[in-house]
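In the two assemblies presented below, subunit A is common to both, partnered first by subunit B and then by subunit C.
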Partner chain A sequence: MKSEPQTHWQPALMARIKSMLPIDWEIIRHMGAEPIPYHLKKWWFCLGGTILYLFIVQIATGIALTFYYVPTPQEAYASIVAITQEVRFGWYIRSLHKWSGNLMIVAVMLHMLRVFFTAAYRHPRQLNWCVGFLLLGTTMTFGFTGYSLVYEQLSFWGATVATNLAEAVPLIGPWIAFFLRGGPEVGENTLTRFFVLHIGVLPTVAFILVAIHIFLVRLHGVTELNFDGETVPEGKRHFQFWPDHATTEILIGVLLMYLLTILALVFPAGLGEPANVNETPLHIKPEWYFYFNFRLLKLTSLKLSVVLTMAIGAIAFFWPFIEEWFMRRWRVSDRLPVTLGVLAFLLFLMLTVWEAFA
Partner chain B sequence: MSLNIKRLIVAALSFLFLGALLLVAYQESKRHRVETGLEPVITATNSGCVKCHQTDAPALVKDWESSRHAQLGVGCVDCHQAEKGDIDGWTHEGVLISALVTPKDCARCHTKQHQEFAKSHHAKAGEILASLDNILAERVAGMPGNMADAVNGCWQCHGSIIKFKRDDKGQILRVGKDSKPVIDPDTWPNSGMGRLNPDGSKGSCHACHSRHGFHAYVARSPENCGKCHMGPDHPQIEIYNESKHGIAFYANRDKMALSKPGDWILGRDYYAAPTCATCHISGHMTPQGINTGNNHDVGERISWTLRPVVSTKINRITYDDGYKEDYPDTRQLPKIGAKVDTTEHVVENEALVKKTVNRTVKSILTWQERRTNMKGVCLNCHNDTYVDNFYKQFDSLVTLYNEKFAIPAQDFMNKLTADKVLNPAAPFEHEVQWVFWELWHHEGRRARHGASMMGPDYTHWHGMYEVSKHFYQKFMPEVIKAAATKGPAMKQKYEKLVNEHLARPEHVWQKGLKPEEAEALRRSYEERYK
Partner chain C sequence: MSLVAMTAGLLLSYGLFAVQGLLFLIPRRLAPRTRRIFAGQIDQFEVGAIKSVLDLQGNEILIKRDAQELRAFNSTCPHLGCRVHWENDRKRFFCPCHNGAFDQNGVATEGPPAAAGQSLATLPLEVDSRSGVVYLEVKDSRKKLA
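Now for the complex of A and B:
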């Protein structure tokens, strides 16, 4: 199609807008032209962006669900039934929220695998690993509190078990459990507290952590990876964030939306029996990402499993510093952390599958 | 380590992660299908049975697959397993089993329910085998060598004595490669409530909990009880259907939560109507917010017996071994701790025999306490004035039947027997015996049951109307007719007795209404049909 000749009012309007927004557009352009290492052209290196995309989906669908959800023990389950069965497209939004949440946790884990095995957490990026690890914790807490809001039998009893776990944390456990439950036992206040955590506290925490995470990535730049045998001409070692990388991310976003829709259509979010405080279900199960912990609990004891989880968490959180100290002291090759990482992840997978089949 | 190797490690772990997630998803969806009843749990023990029987008897297996049992992995062998030495057992495909599943088998898991049921009136339903009802079926309707009426009629509700075919030496006949014992076809199939089983247990859980689905909603539905509680002599289901309770049930069936797993509590799980199970077995809420729980002893809330010629209120004695016995309120109650001779019916050598057992009285449940138990159900929907007044209406009907018809009729029958007009060994020799039988066993029960469950038509037209009509028009004339068979003197004696009785104030209406009553009646008909 032949392009229209530019009319005189367009530059005038642009000038007017620019005067209303006195921003140094050069800086914006410069920021958008951030050089991205060439390996990010491959989608499996774009998992950080995938998580961000899924997080945005969660915010959008979450706000939509909040319009209809009633956070009281008497109304919660019925409002989910209404969202699923009566509200127009309610089932779709709810299914998107559920699947996007699950995929987000998968993406976070894959992202961590990539970062860990490519040693992208090493100096000077140790702090960003720690922030990332906090984001993992935030994401899982999102999942746990969100699942509890459904107020069906399994989610209710899952919350009961989880708050019992929290109670077993040394020293501050009883206080955390009381804070979460809003009383000595899971009851009327618990649901309200989980709701506030899920839609208020956690999103705020997540926003701050994501901002720091991205800010640190920008400050340090993305870790450059040099694969053996790959020769990349100097001019092609980097490409621009805008528009090149942004296009890749948008494409991934479209594909994710496609995948989420298929999942929502084929496996729409279901509903179990409504929560009954007097009847413990035959099998109590948390969501899959807590299976490893649940199995650990069954294999050991409440106290021991909590202490073990905390110890594993602490090691993972401080890993960049621990590894650095280890390597300096014993001068071990990086085979050791890789082997440890493989073993740890295999253990996680084994405990997860074991719990599923138990 | 080169970046390429690390890349391969990440790829491998990612695929393993994906595989693990798919495994978890597969297992969880399978568990979900099992828990929602979409998929049965077939244990290794039962897989052999299912494999063959899903071809041999596909509907039976599918029915089981739909059951709660199947969801929990309780299958064929768990219920049908026999113990070494069981006379009904045989080895089938390497497993010692029995076709008969008795309450004792069910009690392996449902212990409380069995304990309650085993001492209940339901469990004693088979003891009718020595009653007039059974004589009617076996002897009056039957003929030597053919008890088909009892087999197909009475025993299908009351229960049979399970018997086996035997050879000349008294040994049980066994057939086929598995040496399967041959059950006497007159005695099984049978799902009678008080079936007398070879293992000594009484009853059949299947009577209410139909196999092989064992769905709670079946036992909770009134039609379930209607298999037996119906007809001319105890039309409870028909009465229920015409009552406000029945109307409410059929109109609100979808609100009854009949399929609810676990407890089914009136006032908590449902509210729309009561069914038979609601009032007689299931739990309900109390004003204090307590769930009473259910009780498989159906008699715990019954204060009248409406079955015999003359109704009495009934107290319940429970003995130290759990055995229970009803005492009419006309009978002196024993003291707690007293030793009492009790009569129990047991099966010995495939025959019902009476045994006297000395037992110690442990507790007494008075008829008033039983009534309070029932009122607990009523009070979930009605206030106490309403409930008390209902019981006044009900009591007055039973008293009316007792005093005006049952006691006098029984008195005439006793006199005829004492005068040797009637032979106790020939219960259906004279017309008067038939009329008397129907007067109390059919019509009198219909009236009493009708009042007990608020069925107005059964109380009056099918009940008291028939009782009155036959008392005056058939029973009294037949008393004289029977007496006449012993000569004119006996006839005269009974004519005098009958006339004396009919001269009582409650019978003088026969001589004509008072002038003002007759006038009111005439006017009423003129008004209604002018």
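Now for the complex of A and C:
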């Protein structure tokens, strides 16, 4: 039997596609072959990937939610009720969005703690610490604006208190508050503005910051860490990003999806009373990541708490430069930054737990 | 020289676009307009009690009648904007957010508002002597952006 003559359309088609997409695949292969230090085989050293994964879950579930959410004071709460009770798998998507947001904040904090306590922010990586800190701020603003969109009693009064807090920022406070509220007081414009910030402005800012963050990581490479008593087999000091590390991240992603699903099943996103502009509930509380700030507000005056928060934020943001200056001037021990870091974290934890059980 | 002029022109042009964009996002601060609304008949206000009236934005205004006069208090706490309510047993306005308390005249007596020397804002009231109608002057921000 005579075999069919071989057609040559496939190589021709490939050549045509390649001519339309003149990509140098060698460069792409080189980019994927980023050498990753051995210690990144441990999950807690590569929490950055977890954050990115959770961010992708946030985007996917967030886009899904916007198909049903109505950003007006009259309809917002009712649309959330509809998403939770009527839309197919609405409760699941909403719970995934809520829990991935919360876990993202936890992961960002843990990632920053890891970077701090391994001194990975030091020269030449100072700028990436600053970008990371901005990402923490963006993530928390995501949480605040997102929670306000629910338009239940606690979230409404949380937004009211927060915009009034913003007013206490020296010099530019009244301007920020006016801008956020879209007028002199919390009203119809406020919800629209929070919605636009949450689904448009903040994702854009986050995308840009994440791109810069990853670009800087690639420029400097990952910090090499050596541990006492750990012997790494020769020739295994590094492994490749693609496919080794990428596969690990995808596997961790599946585990995260399981975790998020369990959380969504056991603790589904709830719903309080609808917002009532004429009745402040007896016990109002922000989301857990603002507990320390809320406790600080109770312990001090309004102006002082705002100034203190700004000062702590500024010190944390510029810490790599402040530490460098201190080290050069006073030649302090390496233990001092670690001690200060432990104290600062314990203070944050203490204020958070205090407010949680108050 | 041409490079300087071009850079200046570019900065000026893009700067102008940026300023216009920014101004678009900030609502206009219009001079506050007020409107008189009907708050009730004078005999509907009991001496020593509080009557609640909603303004044009749906916010609660607390009207209190003393032996001598009627007074209208804005129920927004001057500390962080939460809503105060009247506690008849303790004869005080109370804000649940940070435990701020105000006496019958709206002067802060406890909590952060007292520490900051704040009082509840009052609104102008007018009683028509012939008909006994109580008018309240409230902010009119309907059909406006801010």
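The working rule: the second predicted complex is superposed on the first by the 339 of 358 C-alpha atoms of A that agree within 3 Å, B and C clash if a C-alpha of one lies under 4 Å from a C-alpha of the other, contacts with A are read in each partner's own complex, and residues count from 1 in each chain.
The rule we apply is simple: contacts are C-beta pairs under 8 Å (C-beta built on N, C-alpha and C of every residue); 3 or more make two chains touch, one makes a residue touch a chain.
No experiment lies behind these values; they were computed from the predicted model shown.
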item	value
Which superposed partner A:Met109 touches (first subunit B, second subunit C, both, neither)	first
Partner chain(s) touched by A:Gln10 [first = subunit B, second = subunit C, both, neither]	neither
Partner chain(s) touched by A:Ser19 [first = subunit B, second = subunit C, both, neither]	neither
Touched partner set for A:Asn226, first subunit B, second subunit C, both or neither	first
Contacts of A:Arg335 with subunit B and subunit C, given as first, second, both or neither	first
Contacts of A:Glu279 with subunit B and subunit C, given as first, second, both or neither	both
Residues of subunit A at both interfaces, subunit B in one complex, subunit C in the other	279, 282-283
Interfacial residue positions of subunit A with respect to subunit C in the complex	157, 160-161, 163-165, 175, 178-179, 182-187, 189, 277-284, 297-298, 301-302
In the complex with subunit A, residue positions of subunit C that touch it	25-27, 29, 52, 54, 57-60, 75-77, 79-85, 95-98, 112, 115-116, 141, 145-146
Subunit A residues touching subunit B - in the complex, by the definition given at the top	106, 109-110, 113-114, 117-119, 225-229, 270, 279, 282-283, 285, 288, 291, 333-335, 338, 342, 345-346, 349, 352-353, 356-357
Residues on subunit B engaged by subunit A in the complex (per definition of touch)	1-4, 6-7, 9-10, 13-14, 16-17, 20-21, 23-25, 27-28, 31-32, 35, 262
